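So, here come the structures, one by one.
After this come two complexes, each holding chain A, first together with chain B and then together with chain C.
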Partner chain A sequence: MSLSDARSTLGVPSLSARWRTVALLLPLAALNTGVFLVPMAYLLRLSFTARTPQGAFVEGSLSLDGYRYVAETPLVHDIFGFTLLFGVLVTALAVVVSVLYAYAAWRAAGGWRALLLGGAVLSLFTTIVVKLFAVVLVFSPRGVLNDALTELGVIASPLLLIDNLAGAVIAQLYIVVPYGVLAVYAVLSTLDDRQVEAALDLGADRPRVFREVVLPHARPGIAVAGIISFTWSVGAYPAPLLLGSGSEQTTAILVSQLLLTDFDWPAAAAVAVVTVAVVLTTLVVGLRRFASGGELLG
Partner chain B sequence: MSGLELDGVAVAYGDTTAVKDLSLSVESGELFCLLGPSGSGKSTVLRAIAGFETPDRGRVTIGADTVTGAPPYDRDCSMVFQDWALFPQQTVLENVAFGPKMDGVDRETREARAREMLELVEMTGHESDRPAELSGGQKQRVALARSLAVDPELLLLDEPLSNLDRKLRETMQLELKRIHDRVGTTMVYVTHDQDEAFTLADRMAVMDEGRLVQVGVPERVYDDPADRFVESFLGTTNFVAATVERAGDCPRLSTPMGPSFEAPIDGDGLASGDDVTVSLRPERLAVSAGSAPAAVDGGVSARPGGSGRVAATGAVVETIHRGSDVRVRLSVGDAELFVEQSAAAAVRLSPGDDVTVEFAPSDATYFDAAGGRCR
Partner chain C sequence: MSCLAERRLRRWLFRAVVAALFGLLVLPLAIVVSTAFDASSVVTFPPTALSTRWIGELFRSPTWLRSLLNSLVVASGTTLVSMVVGTTAALALQGYDGRFRTVVVGLAVLPLLVPGVIIGVTLLTFFSRFGLQQSYAALVLAHSLWATPLTFSVMQSAFARFDWRLHEAALDLGASRVKAFRTVVVPELRAGLAVAALVGFIVSLQEFVMALFLSGPDTRTVPVEAWNSLRQSLDPLVSVVSTILLAAVVLLVVSAGALVGLDRFAAET
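Presenting the complex of A and B:
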């Protein structure tokens, strides 16, 4: 009996089996490394270089200039504050909208359900910038919505829904809600009709069924929707840029400004690294709290 | 006041009518079984009572309330589902306390009530378990406790034991009977298993293709079937195709078994040459070895060749041993019959043996060509 045979009989993965596993994982690892790890490492390194007015950064230097910039500039603090607020606001709204939309789609009969889900998915087929210009067309003072409302006599003067916080939030919602809907719907579709019937049978009307049976079942989907919304919104760039005003500056906008306009790469890198760190910390802390309070993903 | 009343209820799904003009009355406190094959509409009837289906016609009354059209949560009945439908994210105690919670009962009272119910179904000690940790039989008990916790006027059970193995099913049947005796709630139990219906029912109804075929006490329905469908659905029997030789009162029938005999029925509407189906239950057939008419029927000896009895000769084709009994297949004339013998019977038959089969015409049941009962 060869060594590999002996090993597989004993339950130990044989040498050839292990090499096979490595070989299969290699392409993915290479992709991950090349596209993600290496650039992130470079970014991290860049954040520890010295700033200089003569160029992007001082080659080969090691300095805390970038982080000092982040720590000492009040504007940067304001921007971080706004970014987090924006993230939380959009996430809260996105989760609510996603849950209601997915619930409606789940309860809907055949044709309506296809229409609702199709609508959510369809918006994913267009690129972000094009989508956002569509939002402008709909929500601008002379856009579709305001025209309709004025025509119907509901409002006297147009609602200001772009070039402000409302605009940024609406635009960001338009980006993340489709993913939220799909995440929640995917979980809802696994809910056994019998459980709903049992709840109705035991005296729960539809709103209570939603609270007692549907929502608990949808928790994993809601968590995913929340995570997607939060990470995306804290890193939001096109939505606040195109539909917000100067006061709706997120860290991503600041980074692009530092990078491309001010040509201050250490500062840009430092802001980026701090943003990533904040998001990761929030996620870890948030998930820990949820997980300890019950089975979130189970 | 009856526990449940259905009056001319009809339920249709698109083009098909699942339930056709069904009227039924269940007494308060009765354990009533709805028996029928798959697709007979029995589950639809139950769902119409519970409120998950709205009848196109007819009226449903639970106790003193007419509930047709009312949503499930407004009806004073609760249902035990076939797959139990326990809430997976809640503990056993929370599951059982769910109904009272929906009624607005405070936590302490409803938890006490839940514990009481769990004790009734012998599931004390499992309060903090989750449904996923329970076996099928345990889930069944919890589902029952949950439905009883709301103290319903009517309890509906939709084939609750069909997902359990045979031994467990039999144990649970007796458990259900015990609980019914103790609690006294009117129960409507749907099943396709005739043995189950016989074990549990105070009264039962047989359903076929959306209509109620016969209602009565189990023994009565077995002994006095309304039509051929009921006869064939309950237990096992030998159907022999006979022809009317001579019409009139007590018509003479010829059978492929060999002998002709007079059937103790009034023969109205039967003409010479008409087809009649004769049903011979195996327990009514006396089989003896050899061609002599001395019958030993599982230990009880019958009067040999007595007047009025029909005897025919044949041979054993096959014996199928089924543990405690043996099914013996016989070829009698041109007909194929079977009987059941205890495995401990004194005389064991083997393939190829000559046998004599005897029965009394009054022990057989007769059906016309359309399947209706001839009396």
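Presenting the complex of A and C:
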């Protein structure tokens, strides 16, 4: 097995070292080609087949049926509009919460820091389904939060926090915020304390240090948090399905419906391709604006 | 004076907000756990009577036992695949920098930038050409797509920390490459390898959206089974499996934290 090989310790990679590198990269190349790139290409091909009422799609056909469906159905436009709005809304909220939380964890001492980080890691590694279940228990009209607020006399009647846009957004935040927190924290943990001390010594107060030292340093982390939140919210499926109402429909929900219920694969593939294109375009444009791409990938 | 008071107020406000966020993040999970130990057959909070009735129920249910087994099989498979792929790729990048590194890392990370539903749907249509849909293999491969970037990144930093002169010394002393790697590199990297394996395992254990599309009646994992029953009603058994999953994750995270320190673990994954 190629695992038993180690890198050459020579300064310039020799020919055999180069072959070793290629051999070591083979498993990754095989996995990501065979299970990701080729299937994605297949999806693209599928989006150009003809629709038929007799089955999933017409084998070997070449047609723009799927894209025509996307372009000509007003409902699909609405769904794309909502999905983008949902993505932007969740991303904005998630980034604010993540920066605040990561900053608090970074500033906290020993035990408190471990507690805050532990909470984020626990939530990160908790399956989405359990988190959604928890959101239902806490935020529903007869749930823990409403019960507590009614009993304390803060509110007269329960707040409607599930089965609507609020529910979908809250649930999606539970999915993306832990990733955002850790992405920002990872960058903050490389910030030199002395830099902050110097700013404080020079007379800046904490909010000013936060704005002028911490935030600029955290930029790459904030970018990663934004990318993760946006990508996953545009592709949101379980959160809006379980905690939204019928009108919180995302393109992901539409894709699964077209594929599994309507058995209309060309349309499903076309919606999926357009969704991926939207995500990737937004990321590329966003990255150009925000930070250099190389920094983020490294 | 008023400036000082204002500063103090601001500090307490900040603490209150962070405490509230922490509460919102963690308390719901605690509430789920507490409902698992309630005797009543509807999910209620606060629990009315303490009981382990539903835990017993769970272990008498063939469907849930089956899904627990499926989750273990898929997570083990994913750990194996993502460890081999992630470790070899991290090893390959040792000593490389610049464009080459960026391209490889980009390729590894790419699947994380495509929504899970899209990957799930794509693999469902693709695998069904080969009759692979609803198989363990489909689930393991799909999960490896997401677990590998993480094992890869953990192993990269583990290799970067390793002092390669030790390896060189072993070679100079006449050890073969295989022997040098096994006896010098692997023991030094034990913590890194364990953390990478844990991360791979957890990613698979908790992944749900791809599994929803790729699993069938015989291969449903715990999150998929929980989702199915959650869509019908609030079943106390969902509280119980949620508690089991949470306990498993806490156990795994604590052991990973003990191996490398929570700080580094949080920063790296």
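As a working rule, the second predicted complex is superposed on the first by the 275 of 298 C-alpha atoms of A that agree within 3 Å, B and C clash if a C-alpha of one lies under 4 Å from a C-alpha of the other, contacts with A are read in each partner's own complex, and residues count from 1 in each chain.
The rule is simple: a contact is a pair of C-beta atoms (placed from the backbone, for glycine too) under 8 Å apart; a residue touches a chain by one contact, two chains touch by 3 or more.
Treat the numbers as computed from the prediction; the structure is a model and nothing was measured.
Visitor: Using the superposition on chain A described above, determine whether A:205 touches chain B (first), chain C (second), both, or neither.
Guide: both
Visitor: If you tally the residues of chain A touched by each partner, is the higher count for chain B or for chain C?
Guide: C
Visitor: Have a look at where A:164 lands relative to chain B and chain C in the superposition and call it first, second, both or neither.
Guide: neither
Visitor: Thinking of the overlay built on chain A, is A:195 touched by chain B (first), by chain C (second), by both, or by neither?
Guide: First partner only, chain B.
Visitor: Report for A:283: first if it touches chain B alone, second if chain C alone, otherwise both or neither.
Guide: The answer is second: A:283 touches chain C but not chain B.
Visitor: Thinking of the overlay built on chain A, is A:217 touched by chain B (first), by chain C (second), by both, or by neither?
Guide: So A:217 only meets chain B here.
Visitor: So in the superposed three-chain picture, is A:138 touching just chain B, just chain C, both, or none of them (first/second/both/neither)?
Guide: second
Visitor: If we overlay the two complexes on their shared chain A, which of chain B and chain C does A:63 touch? Say first, second, both or neither.
Guide: In the superposed model, A:63 contacts neither chain B nor chain C.
Visitor: Considering each complex separately, which residues of chain A are in contact with chain B in the first and with chain C in the second?
Guide: 205
Visitor: State the interface residues of chain C toward chain A in the complex, per the touch definition above.
Guide: 7, 10-11, 14, 17-18, 21-22, 25-29, 31-32, 35, 43, 45, 81, 84-89, 91-92, 94-96, 101-102, 104-119, 121-126, 129, 141-142, 144-145, 148, 152, 164-165, 167-168, 177-178, 180-182, 185, 202, 205-209, 213, 222-223, 226-227, 230-231, 234, 238-239, 242, 245-246, 249-250, 252-253, 257, 262-263, 265-269
Visitor: For chain B, which residues count as touching chain A in their complex?
Guide: 50-52, 71-73, 77-79, 81, 83, 85-89, 98-99, 102-103, 146-147, 150
Visitor: Okay, in this complex, where on chain A does chain B touch?
Guide: 192, 194-195, 197-205, 208, 212-213, 216-217, 295
Visitor: Can you list the residues on chain A that touch chain C in the complex?
Guide: Within the complex, chain A touches chain C at residues 2-9, 13, 20-22, 24-29, 31-32, 34-36, 38-40, 42-43, 46, 97, 100-101, 104, 113-138, 143-144, 174, 177-178, 182, 185-186, 189, 205-207, 227, 231-232, 234-238, 242, 252, 255-256, 259, 265, 268-269, 272, 275-276, 279-280, 283, 294, 297-298.
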